[in-house]
Amino acid sequence: MNFTLRSRAAVEFGGTAFLLMAVVGSGIMAERLAGGNVALALLANSIATGAALVALILALGPISGAHFNPAVTLVDAMQGGIAWTEVPFYIAMQIAGAFGGVAAAHLMFGLPIFFVSHHARSGRAQIGSEFIATFGLLAVIWGCARVHSQAVAFAVGAYIAAAYWFTSSTSFANPAVTLARAASDTFAGIRPADALPFVVAQLAAALAAVASFRWLASPAKQEEQ
Amino acid sequence: MNFTLRSRAAVEFGGTAFLLMAVVGSGIMAERLAGGNVALALLANSIATGAALVALILALGPISGAHFNPAVTLVDAMQGGIAWTEVPFYIAMQIAGAFGGVAAAHLMFGLPIFFVSHHARSGRAQIGSEFIATFGLLAVIWGCARVHSQAVAFAVGAYIAAAYWFTSSTSFANPAVTLARAASDTFAGIRPADALPFVVAQLAAALAAVASFRWLASPAKQEEQ
Amino acid sequence: MNFTLRSRAAVEFGGTAFLLMAVVGSGIMAERLAGGNVALALLANSIATGAALVALILALGPISGAHFNPAVTLVDAMQGGIAWTEVPFYIAMQIAGAFGGVAAAHLMFGLPIFFVSHHARSGRAQIGSEFIATFGLLAVIWGCARVHSQAVAFAVGAYIAAAYWFTSSTSFANPAVTLARAASDTFAGIRPADALPFVVAQLAAALAAVASFRWLASPAKQEEQ
Amino acid sequence: MNFTLRSRAAVEFGGTAFLLMAVVGSGIMAERLAGGNVALALLANSIATGAALVALILALGPISGAHFNPAVTLVDAMQGGIAWTEVPFYIAMQIAGAFGGVAAAHLMFGLPIFFVSHHARSGRAQIGSEFIATFGLLAVIWGCARVHSQAVAFAVGAYIAAAYWFTSSTSFANPAVTLARAASDTFAGIRPADALPFVVAQLAAALAAVASFRWLASPAKQEEQ
């Protein structure tokens, strides 16, 4: 890690901004072109998001870790990765970058900078989806710590592209992304009232994931003694 | 291998559960959104399944081997990989995980936990497809043992995404997956009566694959002497 | 290379057979499901073919080189790779495997083992497409010799998936594939009368490719002296 | 770098030509087959372009660096990569290759060698899109310098496939590509009058990118002292 906290925080800002441009921008483009076929729009949206994650994590992972996600940063800190003193800077820049990316996507498509979403995403099934989606994402990242460092880029990109389809919430799995998508009344938006339960489910999944990782790893340590 | 059998079996449970969520969940989402275009639904279903396999095998392969498939576990044991004493634990957890994943997918989409499939998949052509699909899957995994360990994730994900299209059965190629999909009356389901011939074809392919691998490798060993 | 010629030739047979299953089988499935939308059918066909190539080359490349293509074998021999004495075995098994794969695809979809294609693919534009497609394929393989050995699997799979779209012939780029697809009156077929000009263009591209590689590499050798 | 400038410039010509064949050719094929569904056409176009980039950069990166883009060459020179004396050769061959690729695509599809595009792409939103798209592309390439050399192929291919969707301009991000696409009145074309603002935005993004990279990297160097 030979970049300053200032630079790494800037990379978290920029990477999260591009992630949100990919999520929101491709949703706008896909809905405009798809002629009402939602499956086709979601296919483009999911492929664009997954591909953007591959590119962003390959490029920026060696600099900041390419978290782009407060849940990832919190789990990393709980696991002894990033220092707790750096966590507030990471999370603040992720949230700022997420809103910056939404604004950039809107400007690129001639829309207002921010406008409140009316896209309802509620109910136990969708909130449960967010718990599962986030747990799975964190498990994929944790598992990839055992392989070469670029693997996480492909694993996360592939996982999110798949999770768009296998969860009823289309897998936000990221508190910063969830908050910022509430400011976009487009294909990828979420009503502000629905954002809070999503974030709670995501943070609960982070705690469950850390507990799971410790349970999985602890007996192995005993045997090594 | 620095994880206990308990942890590895848990990872087989969790990985197989996420695999089934991807297969069944993306099938539900795709069919709901595709407006009756089955090609579009299968495209989303196949991409989501292949991408999920890439993520799951990259992340969990270094822990449990990421079999998620009794046919893979049996072939691995026959080839001297996993110990036979561990095979029952792996297969039990794969089957349990498969049903758990189907239940989770159903809950995420507001469906009953289990409901019997009425999706007919029968006839010699489809049963032959399962033999070919499983043989090919096992050959791909066997061949990848000669390259770096992450390659198998990309190879298996790509193979299954392709095999959804090039077999008339859409390539179950996995006894645990086949049984669990009988409990889902959705896009990815299979009638219980049709599941048994599929499983028999899959296990026959496993035996044929092991015989092929031995035939291919044996002369090379002679030459080395 | 620790496999006998017998084993390597068998792998060329099997790999080419699975390649043709992917090409022809996914074409049948895609056309049946696409409801007349040819773009959607070709998208599924191209993704399935590219994905199958990634899997097959990753798995079988370390054994036989994963040529699956007489043009690749001839260029490899001209460049001093495979011995000329082995070339007839490779090409014979590639052609046999290609027809075997077409037959298997037909059986999996309940069609006759072989039936002559009526799919017209003729004219200067398409024949020129085959020259360009084959030249590009051989250049991609040649270039990848400078990177790690798995890269060729991703490069070839990605190249062929793209070339399905950017050539008017949909990029056969393989004499064995071309001959065998003449025996399939399905989405991926080609009229026997059109197959010969395709093969001539492919072989001409092989000669042009070898000449190009020598021109590109020769000055570098002089400078090293 | 063991290839002469002559060979490397030839590779920049050929690689850029194949890139334009992929962009323009797949656009023609996709529009012809898509039956008026623009989302489906763009999906094929973006997947084909991204896949072609993966193949071309994997294969030709070790020879010439696989720039295929004057903005990339200029940034590389500003960062002390390629020598300034070689820059004119690279850029001239990229522009020549781009037009050569457009001509080849047209011939493969039975169209005139060149014909002026009437595809309007103008306005602040689209020009701003080109700035963002180019900045992101250059950042992805710069970031990948910290990982193994093949990663840039996957990162660039994935980035461009995504950026087709998340920018309103569909992300040209390349002055040579922009000029040559003005000579193609097809799906991928751009009116000549609209090309100049795009190129200006792309070059401005190159300057902004270099300034950003220096700001990000400089404090780290101080700390190392």
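We call the chains A, B, C and D, going by the order they appear; numbering starts again at 1 in every chain.
As a convention for this text, contacts are C-beta pairs under 8 Å (C-beta built on N, C-alpha and C of every residue); 3 or more make two chains touch, one makes a residue touch a chain.
All values reported here derive from a predicted model rather than from experimental measurement.
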Indicate whether more than half of the residue numbers at the chain A-chain D interface occur in both copies; give same if so and different if not.
different
Need the CA-centroid distance for the pair chain A / chain D, whole Å please.
27
Using Cα averages as centroids, what's the distance between chain A and chain C in whole Å?
39
By the touch definition above, chain D meets two or more other chains at residues 37, 40, 43, 47, 154
Pairwise touch network: line, ring, star, complete, or other
ring
Per the touch rule above, enumerate the chain pairs that touch, sorted by label.
A-B, A-D, B-C, C-D
Note which residues of chain D are touching chain C in the complex, please.
2-4, 6-7, 10-11, 14, 18, 21-22, 24-26, 29-30, 33-35, 37, 40-41, 43-45, 47-49, 51-52, 54-56, 58-63, 104-105, 107-110, 149-150, 153-154, 157
Along chain C, where are the residues that touch chain D in the complex?
37-40, 42-43, 46-47, 50, 123, 125-126, 128-129, 132, 136, 139-144, 146-148, 151, 154-156, 158-159, 161-162, 164-169, 215-217, 219-220, 223-224
